[in-house]
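These are the structures, in structure tokens.
Consider the two complexes below, in which chain A is the common component and chain B and chain C are the respective partners.
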Partner chain A sequence: MREIVVISGKGGAGKTSISASFAYLSPPETVIADCDVDAADMHLLMKPRIVQQEDFYSSQEAVINPDLCTGCDLCYQVCRFDAISREDGIYSVIPLNCEGCAYCEKVCPVQAITMKARLDGQWFISETRLDKPMVHARLGIGTENSGKLVTLVKNVARKIAEKYNKDFIIVDGAPGVGCPVIASISGASFVVLVSEPTVSGIHDLKRVYDLVRRFGIPAGLIINKYDINPEKTQEIISFAQQNAIFLISQIPYDESFVQAQIRGLTMAEYGSRQIKKLLRQSWETVMELSE
Partner chain B sequence: MKIAFTAQGTDWNAKVDPRFGRTRYILLYDEDSGELQVIDNSASVAEAHGAGPKTAALIADYDPDVLITGNGPGGNADPALRAMGIEIFTGAGGMTIRQAYEAYKNNQLRKF
Partner chain C sequence: MTIAIASGKGGTGKTTLSVNLALYLAQKQPVILADLDVEEPNSGLFLTADLKEDLIRYNMVPRWSGQCSLCRECQANCVWNAVIVLRDRVMVYPQLCHSCYACSELCPEKALPMVPYRMGVVRHFVSDNLNFVEGRLDIGQELAVPLIAQTIKYINEKFDKKIVRIFDSPPGTSCPVIEVMKNADFVILITEPTPFGLNDLQLAVETVRQLNKPFAVVINRYGIGDNQVENYCQTQGIDIIARIPNDKAIARLYSQGKTLFDNVPSVAHELQRIEQYLFSKAGKA
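Then we have the complex of A and B:
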């Protein structure tokens, strides 16, 4: 069983377009995991039918018990997030502002403040139109991602893969280089780096590759939109050569990527013959390299 | 030497956890006494943030010399572990604790 994780560093490079195409091209015994929980979009292409839904509790929020509150004003003074309201002398917490730091709880002289677990979102197991199960999540308004939900999504995907003897887990990774990305790549058999030939694209590619290298996970590179800047593309190719990163493919810029998204299709289904071929070859290369 | 393993279970046949911060258990093997201790890390797993440093703090109390894991600690746990002077070995993902220990003894793991 192999876990293929697609990441990009910089958002917008084409990570989901690629991972969704891989999900389409992969053998039937595949589990899909959307770990970009902050801005999930795999579901737009996968048409999920939710089979199981669970609440996700992660952060906390403060609650003031009005019966115990003496109006001493200490909580208002220590709160850094403007989360204490003191209208008409009644102290209460503004939930949307509260970061759950618990400073108010610590300073309250009469223990009128307690920290309550906050419902941060939901995670789902769904059937998709590709007949491959998908694990995904949705965060609530103003709630934050961390490695926690990504880890949960990955663990659930792995459990499904092990239980039903699946061959592949395809993970749409989180963007950036922070904890959600680290959580996305932990345990991966192979990482696909999707880059674009722009200054920030290259900068973030290098940062995210550093992570992958330290974790000792083999990696391959797809340069997306390669023809928008041949000079930058050459820079990426040199970087790959210097670091023994296998260059999987170069995909030209094509507005049908957007059209495919609008139609809810992967580029492996909707793209031109050239792009379909490039994607198919890319997936075959990934299968070979990840053996 | 005291060797810590990130683990998905509680005995020698358990699989090594590729993660550090949100590993379910840490198994601590004392080579001198032959004792295998199980440390439950669920508190760190449940943390919204700071799981890495929290797990590092947890194992600091047990003073291991070596940490064996799958991929390695992330950017927040790493400096904490380095400050403790622990030697970190990776590449044990997918192995059982017993296999990982053998691999470590045979110099087959990667130094992080």
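Then we have the complex of A and C:
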């Protein structure tokens, strides 16, 4: 089983459009996983029919029972997150600030504080219009455990792949270089880096590749919108050569990326003949490289 | 006044708008621009400014003193599994630590003193009217929020509250962006007129509403997609305060790291509209 993760560091480089195209081009024995749980978009192209939906409880928050609280102030003194309010002498928790560390619960001398589970999101297993199952999720607003939810989505996708003998998992990864993207790439067989020839694109590519290299995962590169700045494209190619990153393909700037979205289709279905061909070749290259 | 520029989706123009709005406003008044997308800080790429301060930022994490009875109290007190007690020692995983101090202060033997642990840097640059401050997370660090908080703290300590502040936010709807929006008086959500843009805008709107912050929308690459974003804003009663056109010339300037406010008249015009909107709002409040 091969797990192929598409990431970009920077948003808007074409990560979802390309992973969705791979999902379309891949053999029937594929599971799709949308790990961009913070701003998931894959479902807009896959028309999922949800077959299983689960709540994701991960973090906790403190709750103060005002009937038991004696106002001793200990919770206020130990909280490092400004999460205890003591307005008018009444102690309460500011949920948005509470990290769920439970320090206050432990020091409360009268057991007035309890920790309650926080609903941090939902995750789904769906059937898609491509007849390939998809695991996706929706992180609750303002929650913190997106890395954990990413790991959960990946683990569910792996279980489905094992159970039904699937050969591929295609993962739309999270942006950035922090916890969610670390969770996205850990355990991957191959990483596809999507970059664009802009100063930001190059900057973010270098940072995210630094991370990929630490994990020792083989990586290939797709330069999207390569023709908006030939010099920067050359700079990206040089960076790839210096770092032994395989250059998978260069895709031209094409506004039909947006038209495809509007129609709920992948670029592998809707793109021009040239783009379709480039995407097909890209997928074939990824299959070879990830073997 | 602190204005946070945010979006659910990445790549919609947060940095472009932050940098150009800051430079546009700085033509007439002092402005502070902060890049709080500490995982991928990009604003600095579009600026020429002199480095004034470069500070390593630390988180406080526990370090085992090397001697204790291994009572396991610390492990029981850590909800993030950042402290693990083995047969002969205590292991600390600083990257998982949220600096709550529980393990350290509740240790009966005081065997886990808190020590500084490097998470990234805060840099301060100056160019005429513009003070630019960025937070930059070290690669391999997992938690963005503590560094965002420290970057904002730096700004609060250095500058007068009255100076206009523009906060370039991280993408998404989770903790990092909340940390930024919490500290803002007004939020500008920037989006693209596309299905992905609309979907992610809706998530961002939910986020700002949960925080009860006043906000408005700017549409970037206006003309590229459909009018679903406009319809949505209209039915929700959300002000669209500017429309930055979809223009290959803009994309090209952006790709070169160049600014738009002084190169593209249509962008300058939209920035002026944002300025008018913001300051009339501030006048009312």
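One rule holds for everything that comes next: the second predicted complex is superposed on the first by the 251 of 291 C-alpha atoms of A that agree within 3 Å, B and C clash if a C-alpha of one lies under 4 Å from a C-alpha of the other, contacts with A are read in each partner's own complex, and residues count from 1 in each chain.
One rule holds in what follows: a residue touches a chain if its C-beta (ideal position, glycine included) is under 8 Å from a C-beta of that chain, and two chains touch if they have at least 3 such contacts.
All of these numbers come straight from a predicted model, not from anything done at the bench.
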Overlay on chain A: chain C relative to chain B, clash or fit: clash
Where does A:237 make contact in the superposed view: on chain B (first), on chain C (second), on both, or on neither? neither
Based on the superposed arrangement, let me know which partner A:141 touches: chain B (first), chain C (second), both, or neither? second
Touch check for A:151: first (chain B), second (chain C), both, or neither? first
What is the contact status of A:100 with respect to chain B (first) and chain C (second): first, second, both, or neither? both
Between chain B (first) and chain C (second), which does A:207 come into contact with in this model arrangement: first, second, both, or neither? second
Based on the superposed arrangement, let me know which partner A:182 touches: chain B (first), chain C (second), both, or neither? both
Is A:58 touching anything from chain B or chain C once the two structures are fitted on A? First, second, both or neither. first
Touching A:119 in the superposition: chain B (first), chain C (second), both, neither? neither
If we overlay the two complexes on their shared chain A, which of chain B and chain C does A:217 touch? Say first, second, both or neither. first
Of chain B and chain C, which one touches more of chain A's residues? C
After superposing on chain A, check 25-33, 61-69 or 79-87 and name the one in chain C that bumps into chain B. 79-87
Overlap the chain B and chain C contact sets on chain A and report the shared residues. 60, 100, 144, 146-147, 179, 182, 214
Contact residues on chain B for chain A in the complex? 18-19, 21-22, 45-49, 51-52, 70-72, 74-76, 90-91, 93, 110, 112
Which of the residues in chain C come into contact with chain A in the complex? 8-12, 15, 39-40, 42, 45-46, 77, 79-80, 98-102, 105-106, 137, 139-145, 170-175, 178, 182, 194-196, 199-200, 203, 206-207, 210-211, 224-226, 248, 251-252, 254-257
List the residues on chain A that touch chain B in their complex, please. 58-60, 100, 120, 144, 146-148, 151, 179, 182-183, 185-187, 214-217
Taking the touch rule as given, give the residues of chain A at its contact with chain C in the complex, in rising order. 9-13, 16, 38-39, 41, 44, 60, 78, 80-81, 96, 99-103, 106-107, 139, 141-144, 146-147, 175-179, 182, 196-201, 203-204, 207, 210-211, 214, 225, 228-229, 232, 253, 255, 258, 261-262, 264
